[in-house]
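In structure tokens below, several structures.
Here chain A shows up in two complexes: once beside chain B, once beside chain C.
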Partner chain A sequence: MRPLTDEETKTMFEKLSKYIGENIKILVDRPDGSYCFRLHNDRVYYMSEKILKLATHISRDKLVSVGTCFGKFTKTIKFRLHITALDFLAPYAKFKVWVKPGAEQSFLYGNHVLKSGLGRITENTMQYQGVVVYSMTDVPLGFGVAAKTTQECRRVDPMSIVVFHQADVGEFIRNEDTLT
Partner chain B sequence: MGRKLDPTNQVKRGPGRKSKKQQGAETELAKFIPDEETAPKRMSSRGRKRAAKRVLNTKKPKAAEEQPKTGFTDENSKWLKPVKRKRKIGEAESEDDSDEHWEQEEDEEEEEQLQAKKGGKLEIQEDDDDDEDMVDDYGALEEGSGDEKAEEQSDEEELLPIERAAKKAKKLKEALGIESDDDDDDDDDDDEDDKEKKKSDSDVDEEDTVQANMDDMDAFRLPGAEESEREGVLPLDLKSIYQRIKDNIDVLCNFSTKREEGKERAEYLSLLKKDLCTYYSYNHFLLDKLMDLFPLSELVDFLEANEIHRPVTIRTNTLKTRRRDLAQALINRGVNLDPLGKWSKVGLVIYDSSVPVGATPEYLSGQYMLQGASSFLPVMALSPQEGELVLDMSAAPGGKTTYIAQLMRNTGMIVANDANADRLKSVVGNIHRLGVTNTVICNYDGRQFPKVMGGFDRVLLDAPCSGTGVIAKDPAVKTSKDEADIQRSAHLQKELILAAIDSVNAESTSGGYLIYCTCSIMVEENEWVVDYALKKRNVKLVPTGLDFGKEGFTRFKERRFHPTLRLSRRFYPHSHNMDGFFVAKLKKFSNVVPTAATGNEEENADAPEATEVTDSSEEEPSKSPKKKKMVPGKAGGLKRKPQTNGTAAKKPASVKTKGKKNSPAGPKKAKIAKMDGETVKASEAKKPAAKTAGGAKASKEGSRFEKKQNKLRKSPMKAKKRMGKNKFRKLKSMLGEDGE
Partner chain C sequence: MAACSVEELLVRAAQDEAEKLKSISVQKELELHFDIGNLLACDTNRVEVRDFREQKKEDFLRSLARDNTQLLINEIWKRPTERLEEAIVTKLPEPITALPREKPAPKPRAPTKWEEFAKLKGIQKKKKTNLVWDETAKDWKRRWGYKRAGDDTKEWLIEVPETADPHEDQFAKRSKAKTERVAKNEFNRLKNIARAQKVKLPGVGLTPTPQQSKEDLARAASVARTSTASAGRFQDRLPKEKPLKNTGKKRKFEPLIGNFSTEKQKQLELLKLMDGKRPKLNVTKAVNKQMREEDREEAAAKYKKRAGKKGRKGSMPGKAKGKTAKGGKSGGKAVVGGKRRGKTGKR
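Let's look at the complex of A and B:
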């Protein structure tokens, strides 16, 4: 486990800012103690300093996970957010999409959100903007990338994709093995 | 066209009208108009119409009938109530994934349309959750509107043909042969049973089945040798075996009156055992164990309870939601649930569900966890406080870990450990799903844990076990276990519990507790292990804080455990309707000497030092150090017990140093625990100064013991350096007497 290099920090923050914009600083400067990002097995974990200290007792090969896993660095040094980061993306998300109850299940099985399943969308969403997907009862279900702007969404036919799927909470069951 | 809400009319809560009406109409009609049942009354035009409609779609009302009763039945019904179904046309509802709802809704809408025509009065009376009104309405409406009456009747007609036939047959039976019912003890299919019995070579001659049954009851006879031989060739059918088990137990329970002359109890027992093994397909070993554990009447209950599954229970994740919100959301999805019980504020029992409970969006978003009711108990007993450092020694699949986290409200720190790396994946998944952020997950063998880190405020040890409490979940246990398996897991458990105790920090202001639990009901894996820990470490049992469950055994067959073991709790499938479980709460008590911080070894060490000079008691089965704590004044006699194997004899010299250098918690202490005489000596040599310093108190105490010990010296036993076991026992009992 080690702190992230500058390069890695930049890559990760760029990715995060697609979803939560400048709210990143809320993650780093928290009133309830200092929190930090650490790299372990190519994965980025977000934890408080206290837990970080505790985790130093544990040898590297025996340590499985600390705090919350945000995502991992791919072999090409790109950063990929995991669904486990949703707890921290959802409260600070700048752009949101709500899906209708009928389309909920489809999204949870890893499909894109179609126009027909679109319940609501934040105004002024740009194309390819990172969005967090909610159910109509405001339960965060996952996140993705807007395929169309809000304006376009009004016009397109019901079967066209409006949000590309990136991660959904169904992965807790489907990809349990690869979460960490 | 939606139903208008009438503020003047108080809506009653409870099961829906559909579930009540069928029942009510049926019984009421039977009472009021028995003859009209045979000759159907002329229906009103609307009634006829409705009946015709019912004939058309016979399936639909059936589906509606089977619609599970939603809502709550216990005292929580005050606040937990099923939502009123919205009937907006345009907007899709959240439960669209369950077809059943749609069907029912259509059905209801149809009826509503009809009623809407009739006018407002009926509409109010037909209100949804209004069950009491329905009962009262019956009489009121009889003179008021014939329509309603007709409807009730047609409801009666709705009985399936087969049901009617059964009803008629029942009546006929009642009329003809009342005597045949009086000794139908419990079997519904008793007649069938009897028929088969006739065929079988059961020991009783039975011309008249009823008579035979009665005879069977009071004159149960053991099958002779040749009969049992025949049985070997031509096995009995299960029904008659079951009957024989019942009769046999009946005899055994009233042995003096019902026994057959000249037959031993053992003969009855061996037959019973054989029958139980056949009927429930256990192996002889396990059944022997169970027979030791339960009285006979309870044994069958237990075995029966193992044949049925426990209800599915879920635990609300209070980090993300509240129980009533969750219950509401799940009811909307067509789940039929109830609060778990008074003892849990977060548990819900699922009776049935139209959707998979393990894959609802609520589950995926971490609002609840599927978890057996018995798994709540150890965590409740642990009662972790906010800001503490807690270790879960065998965490997978993370149910208890996340419960701990939610009780601590995500503060403090939790170390979740499991020896199996594959099973840890589920821990990772569950912890992230439930939004727990204060957890470190690691993959050590629990036995090494005190070396990794110590100083925990609380430790939960859910030890790996033989699984004899969860036979309902895994029936393979019935046949796969033998003595060696039990011994093996008991051994592992003893190692683990010592490691767990060594990880606890007794100095902790808020904690210093250890929970030991298993899903086994074997005494070897539970009381015995805890008793062992009591002897080996400075821990005492404290009440678990669970107000139900059976007390742990303090004596079992030839074994005698520490009397405080009754503070531990046992849970059984047949008496508590949860998996078989054992929970014990141990408190590690700290030493009064501030230097001896973690108070594990050193307190014991102080104690035995003086006495051991005289009688080296290596082979002595050490008695619990606890006792000493409980009777501090007269501890002398008891304190002679060594607490670690083999080190006892060499202790006197070494203890003083120990007391001094043991202040760091955890790993070091654990090492000390394992230290044999040699290492102790070595350390003594290294730290002579510490010895003198630390020995101040110890020597004081020691002098007291010296006196005692002098007394001992005068006794004849002290003459020999080593004494035989028997002699030792005698001495022990003597000392025990004057000690207590």
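Let's look at the complex of A and C:
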């Protein structure tokens, strides 16, 4: 486990800012104690200072997970968010998409959101903007990338993709052994 | 006292004499098992526990050992002997008893790179015959090696390929290719040995390659730079030369538990910097906003028109009363509804 280098921090923040914009500040500067990002096994974990100090007692090869896993760095040093980060993305998300109850299951099985399944969408969503996907009862289901702007969404046919799937809570079951 | 002691001494001397001259024939209930090759005799006779207790333990053991040794030596004397330089010698037979080995069993040889790969891919060795029929020589020849069948370096005539340079020596080309293959194989063999013994492979430096890649050239340049008496310390740099990657520079990280406030400050500063880089006016966003506004106006105008129509139509008594009331209500909410629609993006 180690702190992130400047480049790593930048890459991660750039990815995070696609979903929560400048709300990253809230994650970094928290009033309820000191929280930090740490890198372990190419994965970025977000944890409180207290948990970090406890985790130092565990040797590197035995440590599986600590705090919340935000995502991982790929071999080409890009940052990829994991579904476990949803707890911190959902409350601060700037752009949201609500899916209809009928399309919920399809999304949770890892499919893209189609126009027919789109319930609501935040105004002024740009193309390729990171969005958090909610059910109509405001339960966060995952996140993805807007395939169309809000304007275009109104005109497209019902079978076209509106949100590209990136991660959904179904992964907690599907990828149980790889998620940390 | 003195006489007594003399008698005792005599008795003891006589006993010693008798002990020394014990017969070479020893009687045993059960025959001993002999393994002359190992100079081993196994006595399976029962040890009388009473004798062992009554006699002095040491004496009992000594006499038992003496008898058994005598038997073993008798057995050795049964073998044919010969005299060699004043000494009588015999040749011992092969040992029968299998003894456990002194040293641990040798470890299996570490697999070569190819063997590892073959295992990964499930490639199995196919047995091939050693000799193959050579059609030109009309004879059976070896598949590989010296005097092999179909040896392409021994051909007396080679057709020059159409694409090849006509002045190129095809014979030399083939023999050169062969020597290179041999050299490469030897190199790989040495690498396998080094890998098996976990020796750190020395940097091969620059092996001659037909086409040097960008990395090869960069490495060649760096090797040349550091190959001076001062290990390249006083070597001038080229104007736009980039520093070489992975040249023994260690990565350095912040401590795991360092100063949390400075870490936070650093990250906040980075965020501020990132915010500053973002353009203040997002063109696509602005255009979209404008489009949305137009859409809304259009929709509102349409709705008004329809609401107006409805109002005009609803002039019938009774039923119309409710309708107009409804229409009026919805008409009043038209703007609000439009706004809501715009926000949610519902059609």
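Details
The rule we apply is simple: the second predicted complex is superposed on the first by the 180 of 180 C-alpha atoms of A that agree within 3 Å, B and C clash if a C-alpha of one lies under 4 Å from a C-alpha of the other, contacts with A are read in each partner's own complex, and residues count from 1 in each chain.
Going forward, a residue touches a chain if its C-beta (ideal position, glycine included) is under 8 Å from a C-beta of that chain, and two chains touch if they have at least 3 such contacts.
Model, not experiment: these values are computed from the prediction.
If you put the two complexes together on chain A, you find that chain B and chain C both fit without a clash. Of the two partner chains placed by superposition, only chain C is touched by A:I121; chain B is not. By the touch criterion defined above, A:E49 reaches chain C but does not reach chain B. In the superposed model, A:M136 makes contact with chain B only, not with chain C. Contacts of A:T180 after superposition on the shared chain: chain B is touched, whereas chain C is not.
In the superposed model, A:T150 makes contact with chain C only, not with chain B.
After the superposition on chain A, the angle chain B-chain A-chain C between C-alpha centres rounds to 80°, nearest 10. By the touch criterion defined above, A:I24 reaches chain C but does not reach chain B. In the superposition on chain A, A:C69 makes contact with chain B only, not with chain C. Once chain A of one complex is fitted onto chain A of the other, the partner contacts of A:F172 are limited to chain B, with no touch recorded for chain C. Least inter-chain distance for chain B and chain C in the combined superposition, rounded to the nearest angstrom, is 13, based on C-alpha atoms. Comparing which residues of chain A touch chain B with which touch chain C, the overlap is empty. In the complex of the two chains, the chain A residues touching chain C come out as 1-3, 5-6, 9-10, 13-14, 17, 22, 24-25, 28-29, 34, 36, 38, 49, 52-53, 56, 118-124, 126-127, 149-151, 153-154. Residue ranges on chain A touching chain B, taken from their complex, read 46-48, 50-51, 54-55, 57-58, 62-69, 83-84, 87, 100-102, 104-105, 108, 135-137, 139-141, 169-170, 172-173, 176-177, 179-180. Put simply, chain C touches chain A in their complex at residues 253-258, 260-261, 263-264, 266-268, 270-271, 274-275, 282, 284-285, 288-289, 291-292, 295, 342-347. The touching residues of chain B, when paired with chain A in their complex, are 92-97, 329, 358-359, 361-362, 364-367, 389, 413, 415, 421, 424-429, 431-433, 435, 437-444, 452-453.
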